[in-house]
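All chains are identified by letter, namely A, B and C, in their written order; residue positions are counted from 1 within each chain.
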C-alpha cells in the first residue's frame, strides 16, 4: 500500500470575481522510504497541494471540489479536526519556505521544540526530562553546535540557515512517516543551501522518513530526489525517475524549463517559454499548457490529457505521446 | 580617451549600529569598461548591494573614490549634479516594492521624464507608451497598477523606468532573483537586447554564478565586504582560484552531467557566514576555509595578479 | 481615446471591488445607513423636524415636561420644547463639530507626520515628535477644559480646544507609516532619479497612508462628537438655547429618573451617532485594507 496517494484532486479559492480553479486533477503518489520531488514554477499549485494534504488551507476562501487524498489508505479529506491532529502529530510534518515566519519570535527555541515533542503524544505519557533529552538529541541531529545553550536562544539571535535547521529538527523530532518540505532552502544563501540539503538528505535516510521536496529549482531536484513530478497550472504534466527526467525530458513544458536554466558550461541564455501562466478564474480548456505550447494540436484545446506511459515509471500528460 | 565608464578605488562604507561597526564594504576596487557587463557575485553580508547603493548615491562613501567618466561622484545623491542622476540608473531587487503600489504604471514611468524635463516632440503619455514598447509591453499597461501584473512584468516596468532617462550605466541589483527560471530567461534576454540596442553598461549583482557564466564579460566575487577574486568570465570558470569561489561553485545545483565537471570536487561547504558585525581577523574567510594556513588568521592578504586580468586575494597565491 | 476608456473602466472595476469588500460585513452597511440617515436629518432638519421653531428661543409652559406621546415622540423639556426636533437640530452641531475638527486636525497632523517621518533622525523629526509628545501628555479632556475656560465658552471655542488635542494622533499615525515607507525601494527609486522632496512626500509616500488615515477619520468622527458632547455637558460648549446633544443631556440629567425622557433620548442619540460612525469606520478599514493586499 502506498504511503500517500492523491487522486484527481481538484481545489481552488473563492474570491471577488469568481473562483480560482487552481488544482485541476492532481495525481501523485509516494511509497515508503522514497524521496520524491515536486517541481514547478510560482503559482502552479504546489503549495496548495501540500497544504491540502495537511488540510491547513483556510476553508473559506479555499474549497476542495473533488478527488481523494489517501494517507495510509485512509482518505483525509472528510476527516475532522481531531483526527487530523493525530495525523499532524505523528503522520505528516511540514517544513515551510520561510524559517523566520515558521518560528514564534517571542518563545525560545527550547520552548517551541519541547512543545512540538509534547504535543506529538508519542510514547503515551512522557516526562519533562525525556522531552528535554529528545529536544537536545534532535538539535544534535541537525548538527547545531552546543545544543543545551541553543535551546535558550530566541529565533532572532540565529541566522537563516540555523533557523531552517531548527525547523527541520522540529519536523523530524516527532518521527513522522511523511515529511513535506516546501521550498526549504529557497530563502537561504547558496553555500548554506548546499549544507542544509545535504543534512536533510542524511536525516531522512537515517530516520526512514518518506519525503516530498517541493521546489522551483531543477538543480535541487536533480541532486536530491529519486523520483520527480513536474507540475504546471494545477496538475502534473510529467513524472519519472529523476535521472530519466533529466536525460530525457518529454513534455514541452519540461523541455522549455530545462532550456531556460542558465548552464555553467556557458551556452548562453535560452528564450524562455512564451506566454504567461493562466488566469485561474478562466483557465484554458483542455490541456492548460496549450496556449503556450509550440506543438499544440487540435485535441489539446478540447481534452485534458491523461498520463501516457512511455517507460517504466516515466509518464507524460501530453497527447504527443498518445499510443 | 579612456573606455572606462566607472572606476571604484578602495571604496569603504561603514555603518555604525548599536551592535557595533559594520564594515559593509571594506576597500573595494574595480573598474568597468563601456558597454561591458560586470557580474558582482556574493551571498548575504557580502556588501554587493552596499557597493551598488554607494555608486547610486543612496549612501555616501566612508572612504575611497568613485569616478564616473572620469569625474568624482563620491557623494550622496542630494549633493550630485542632476545630470549624473540621468546617466546612472538602477533596477532594484524586489519587484514587489520597487514600484509604488499607489501609482499607476503611467505615473511611475512619467516621473523620471518630469524630473529631468525630457520633452521630446511628443506628449508625456506618448513617451510612456514608447517606453513600454521598448521593453515589449502593450500600451494598455499604462493604466494598470503594479499589483495587477505579475512579478516578471513588474521588473520589466522597472527596467523601462530605468531607461526613461536614456542612461549609459545601469546597476541591476539581483533583478531576477525573485523570479521563476522561465521568466528570468525572458528578462535576461530583454536586458541583453537592450544593452546592444542602447549601448548600455551593466553592473549585474547576483548570487547566481550560472547566470553570470552566460551574461558577464568579467566576474568579481565578494565576501564580507571585500573582493576575493576578479577575472574575465571564461578564465574564471576554467580556473577558479580563491577557496571561497571554489566553495560557491561546488554548491551550485546544476542540471546536467557536463556542468558537474565544472564544479570543484573536493570543496564541501562548511560553516556559517559570520555576522558582518563580527568579521574574522586576518583573511575574513579563514574560519571556513578548507585550505587555511597559520598566516591567514593574522594577516589580511593583498590582491595579486595571477594571470592577465585575473586577480585574487589569498595567501595561497601571494608567493609568500 | 481608447486609453481614456481603459482608464475609466479600470477605475470602475476598482469601485466595484471596493464595494464588494465593504459590503461583505453587514454591519458596515448598517453603519453607512445610520450615518447617511443622521446626515439627512441634520441637513434637512428645518423640513423634517415636526416643530422646527422649538430649536430656538421658544417657550410653551403649558406643554412643558410632557412624557413621550404621539404628538411629541421624545416628549418635551421644561420649556415645552419638542425633544425630537431638538435632537435633529442637535445632530447638526455634532456633525459640524466633527467635520470642523477633523478638517483642521487631519491636514495639519498628516503633513507634520509625513515630513517628520521622511526626515527621521534629523532635528525636524525631533522637534515635531517632542511637540506631539507635549500635547499627548496632557489628558485630553483636561486640555480642552483648560482652553475653553480661558476663552469664552462657545461651540467655536470648544472646537478649537478639541482640535488642539486631536492633531497629534494623526501626526503619530502618519509618522509611523512615513518613516517605514521612506526606506522602500520605490522611494529610493524616485530619489535616485532626482525627484524633489515635496514630490516624494506628497505623491509617493502620502498615497500609501490613505488607508489608515481615512479609517481613522471615520472612527474619529464618533469620538470627536463624544468629546464635544462632554464639553457641552459641563457647560463649556454650546450655550442655551442652542440645541446641542450634550447640553440636552446635562439639562435633562437634573430631572432623572422621573422625567427620564429629557436625558435618555439625547443620550441615545449621541450613542447612535458614535456607533454609526464606528461601524462605518470598521467597514472602511476592511475596504481599504484588502485593496493594499
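Everything below uses one rule, namely that a contact is a pair of C-beta atoms (placed from the backbone, for glycine too) under 8 Å apart; a residue touches a chain by one contact, two chains touch by 3 or more.
What you see is a predicted model, and the numbers here were worked out from it, not measured in a lab.
Asker: More C-beta contacts across B-C or across A-B?
Answerer: Between A-B and B-C, contacts are more numerous in A-B.
Asker: Which one of the chains is farthest from chain B, going by Cα centres?
Answerer: Of all the other chains, the one whose centre lies farthest from chain B is C.
Asker: Taking each chain's centre as the mean of its CA atoms, how far is chain B from chain C in angstrom?
Answerer: 50
Asker: On a C-alpha centroid basis, what's the spacing between chain A and chain B, in Å?
Answerer: The answer is 32 Å.
Asker: Would you tell me which residues of chain B are touching chain A in their complex?
Answerer: 43-44, 150-151, 180-186, 188-189, 192, 207-211, 213-215, 233-234, 237, 247-256, 258-259, 262-263, 269-270, 272-273, 275
Asker: Could you please specify the touching residues of chain A with respect to chain C in the complex?
Answerer: So the residues of chain A touching chain C come out as 16-17.
Asker: Can you name the residues of chain B that touch chain C in the complex?
Answerer: By the definition above, chain B touches chain C via 56-58, 77, 82, 85-86, 89-90, 92-94, 97-103, 111-112, 114-116, 125, 139-140, 142-144, 158, 161, 165.
Asker: Using the touch rule from the top, collect the residues of chain A that touch chain B in their complex.
Answerer: 41-42, 159-162, 189-195, 197, 216-220, 222-223, 246, 256-273, 276-277
Asker: Spell out the residues on chain C that touch chain B in their complex, using ranges where they run on.
Answerer: It is residues 2-3, 6-7, 10, 184-196, 199, 203-204, 207-208, 210, 292 of chain C that touch chain B.
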